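Heads up: the structure comes next, in structure tokens.
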Amino acid sequence: MRSFILCLALLCLVACGSRPEASGQAICVAGSTSVQPFAEKLAEVYMELHPEIRIDVQGGGSSAGIYAAREGAAHLGASSRELVPAEKELVEIPIAWDGIAVIVHRDNPLRGLSLRQIRELYQGRLRNWRELGWVDRAVHLITREEGSGTRNAFEELVMGRAEITPTALVQDSNGAVREIVAHDRHALGYISVGLVDARVKALEVDGVLPTRENIRSQRYKLVRRFLLVSKLPPTGPCKEFVDFILSARGQSLLEAEGLVGYEE
Amino acid sequence: MRLDPRVSQAVVLSLLWALTGFTLLILIVIIVNISVEGLPRVSLSFLTQPPHDMGRSGGIFSTLVATAFITALAIAVATPLGVGTAVYLTEYTRESWLTRLIRFGAECLAGVPSIILGLFGFVLFVLKLGFGWSVLSGGLTLAIMVLPIIIRTSEEAIKAVPEEYRVVCCSLGLSRWQTIARIVLPSALPGITTGVMLSVGRSLGETAVLLFTAGAALRTPVSLFDSGRTMAVHFYILAREGISLPNAYATAAVLMFSILGLNLAAYTLMQRLMRRFS
Amino acid sequence: MNQSPPDKIRVEELSFWYGGLKALDRVSLSIRAHEIFGLMGPAKSGKSTLLKVLNRLCDLIPEARIEGRAWLDDLEILAPETDVVALRRRVGLVLSKPTPLPRSIYENLVLAPRLAGRPKEELPAVAEEALRAAGLWGEVKDRLHDSALRLSGGQQQRLCLARTLAMQPEVILLDEPTSGLDPISTAKIEETLFQLKSRYTIILVSNNTKQIARATDRTAFLLMGRLIEVGETSQVFTVPRDQRTDDYISGRFG
Amino acid sequence: MSPKGIERLLLALALSSVGSLALITFFIFWEGLPLILTTGPGDFLFSTHWAPTKDRFGIGAMIVSSVVVTLGALVLGVPLGLACAIVLAEFAPLRLKQLLKPTLELLAGIPSVVYGFLGVLWLVPLIREHLGGPGLSLLAAALILGIMILPTIISISIDSLGAVPDLYRDGSLALGATRWQTVTRVVLPAARSGIITAIILGMGRAVGETMAVIMVAGNALSLPASLLDPVRTLTSNIALELGYASGRHREALFATGVVLFVIIMILNLTAAAVTRRR
């Protein structure tokens, strides 16, 4: 047993020696899974430009990311929600706008819903497509799991105090929701606008489509900001990475992925 | 009307054969489907290119590295523990409450679902010991998962070593440990290897444990504290988020054939071992 | 010879139980240096058990119980403080079934000497000498590194004998060494034993009375764990003192 | 190292499995039990209101779903598995048995994510189009799990049928019974405890399976009213939400783990008891 523990300790030592934090050339980004794919894309391109820098992108959720940034476990926290007052001492860097799109199958003739209709659907009061002027079939409602940033934002922007009906299907990623809506003609779900693709149809909300302009102007109602947060204003390689994100190059990368750039 | 027993036997038998055939059919359909859809996309470049664009394009290189890294760690930790346990149970002790406790522990451990192991690894390795989502956390948790497999196969293999070898060694003046190290373990090596191969197969296919202990970072892990996405986790994400069906199939093909190959090799090895000592 | 050679092994009032089963019942006998001592008796008469006590292989048997004493020269065999490994190196054993270890012929031979600390460069000579003594050298000298499992049954058994010799023991215990062998192999082994007599003390267990008569100097007859008779082989076979011995050697039972 | 030292070292290694099991039990309970106690066991187990971010922790619906899904899996898996086992152990020619047994055991090697993937790809659309509902449903989960537990049931049942002495069969056949009558009246009763063990272990596998279930079950929170309703099992509840959970929410997921762990341990202990009685 002793030799085993010794072995373990040795392993740890070896590994610690190569811990990214120690090298100073690695940046750790952790947080919202909504931001994660975009952060990964940015990291991928940035690391090609600067091979000496390593960027680690981790999920964990917005709260975990903010916590990690505050505790110094991550250089940058990624959040898809606004900071609460207690978190305001952190430095916040908005990097992009994201809309939450309400999506349906491409064959669905519906063009749009009102905010109120969406709320009633997710409360389980509206249950049939006929009530919305389509076929006599149940609406297959899809939501995200408790704790998800997108769900949080959706609940704040749409539901208010009302609870999402327990009969809704629950999926644990934007991709999974989109996948189901793409295959089920009678499904209705919500995902980050950045992840809407040709396989699903985004609906107008209160008559406004989630286009880039509408999101930036906040005429589209279901909009949130993607933030990076850090304990102190970023310096060194970390600042260079943030500058890259906010540069025209970085912003256009985000736009190419479907987000709306924060800097015009 | 009472049926002639022969007639009813014929009826029942054809039903049973049909059910067996159906079961086989499920297996065949799964394997054929994955092969047909997946194998054509598997190429050297698929295996050696890192994934691009979340895995929408590119290969699976970084997930292969993560898989190898995590699995190797799990095996490196579990093998000495498992073989040591087997040696203790077979060579050093007689049946007692202690051996019963140890066997019971191994049996129960084998029944613990992977999600529970994932929770455990998450709280102990990721949080309490501060390893984070890492190759280290994933490897250690997997080691616990495969430990019962290695114990069981090693014990069987060691028991299959003829008793005369031990008597001979003893009469040649070898100590018990010399007998084990020089004769018993080498003779049981094929059986132990079988256990290791089965464990590797099990580790390759595991998802739930690794999602919560090793994380899902797509970058190639270079240290024990890096997060790593194994092939199975990568496949899960590709399939579930509809990122790329062709790449999902190709990954599934690589995954499935590695596991089936390992299991088949383990099986033949075990058969050969059994023949040698009978 | 008017002065009898010194006793190599002495056994006094030895009893042995497997759990509740009594295998040896107050056996006392002595074995002289450089003789071939025969132990005969029907199945389960305690012959093999006696051998196992003499090199403490009986330690491997769970639930064994021993009473009485035994000496090898001045060494008390059954004393708890006795170094068993050293004892076993002095008292070699050949089992009834040929049991080569799953290694090469050479490895089988040098395993024990190597672990006993013989210098590496001496090992080939040790192996050759042992094979020559066991009469196997000519047959295997060109394939020392082949697996021992590929030898014929008779060759395997002579290899086992050679393996024991390579350990350079003082006493060799043979537990029905020819029971599974053909007459030619048997003859070869018996011939080897004669040649080894000058250097070793040999105890031969057999239920083949003819072999005992042919090959041994003195003989003991065991029946159901009791020593019935012990004496010069010629005497035991020609004028047995006990009726049961007579019955056994003339084939009336056993 | 001294012989005693070696023995102590081996004993320490041998205690690793029991030690891991103890650690797992400790951490799962340590993290999960406080929440069960503060929520009140009755409320936690029987309430169906799960809104962890609003401090409502009731897993009643998930317990029911887990049980129903598992029973559904048994309805498919037991007849199919037993049919295969009986055919292979009693009626198939030896060569066919030697070929088919390992082949069917390969089913166990296919990773659960692959089952889930194919379930989403084939089974879910089939159910959605022909039976209605969203397709992701109790039925889909039960069917997939039914297939996944086949290897467990088949392999243990074959072993226990094989352990029935031929004497029993010969006796029955000599009395003029057909082979099928022999199987139902003599062989199956004699192998009963082994088959029960197989079924219990299959149940354990079904209750504990996570990844495949999360992919096909739909994960809705309500109590299922029909086979076509989406359900959330205990395992998928943990896997679905652990990613972002913190504070009481995370404790609640560990508490779900406690319940799952207890269920699995009861099943394992029952299986062990049944085996021992034989």
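In this document, chain identifiers A, B, C and D correspond to the written order of the chains, with residue numbering beginning at 1 in each.
The rule is simple: a contact is a pair of C-beta atoms (placed from the backbone, for glycine too) under 8 Å apart; a residue touches a chain by one contact, two chains touch by 3 or more.
Please read these numbers as outputs of a predicted model, since none were measured by experiment.
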*asked:* Show me the overlap between the contact partners of chain A and those of chain B.
replied: D
*Specify the chain most distant from chain B by Cα centroid.*
C
*asked:* For this structure, which two chains share the highest number of contact pairs?
replied: B-D
*Give the identifier of the chain nearest to the protein's overall CA centre, each chain being represented by its own CA mean.*
B
_Using mean CA coordinates as chain centres, what's the gap between chain A and chain C in Å?_
81
*Between chain C and chain D, what is the gap in Å from one C-alpha centre to the other?*
57
*Quick one: report the Å distance separating chain A from chain D, using the average Cα coordinate of each chain.*
35
*Would you kindly tell me how far, in whole Å, the mean C-alpha position of chain C lies from that of chain B?*
48
*asked:* Two-or-more-chain contact residues of chain D, please, as numbers and ranges.
replied: 9, 13, 239
*Could you tell me which residues belong to chain A and also touch two or more other chains?*
4, 59
_Residues of chain C whose C-beta touches two or more other chains_ = none
_By the document's touch rule, what are all the touching chain pairs in this structure?_
A-B, A-D, B-C, B-D
*What does chain C use to touch chain B in their complex?*
55, 57, 60, 62, 85-86, 88-89, 92-93, 95, 97, 99, 101-102, 111-112, 115-116, 160, 163-164, 167
*Which residues of chain B touch chain C in their complex?*
94, 162, 164-175, 178, 182-183, 186-187
*Touch list for chain D against partner chain B, complex*: 1, 3, 6-7, 9-11, 13-21, 23-24, 27-28, 31, 79-81, 83-84, 86-88, 91, 100, 102-107, 109-118, 120, 147, 150, 154, 177-181, 201, 204, 207-211, 215, 235, 238-239, 242, 253-254, 257, 260-261, 264-265, 267-268, 271-272
_For the complex, give me every residue of chain B touching chain A._
52-54, 80-81, 133, 136, 215-219, 222-227, 237, 240-243
*Which residues of chain D touch chain A in the complex?*
9, 12-13, 48-54, 61, 124-125, 128, 133-136, 214, 218-222, 229-230, 232, 239-241, 243-246, 249
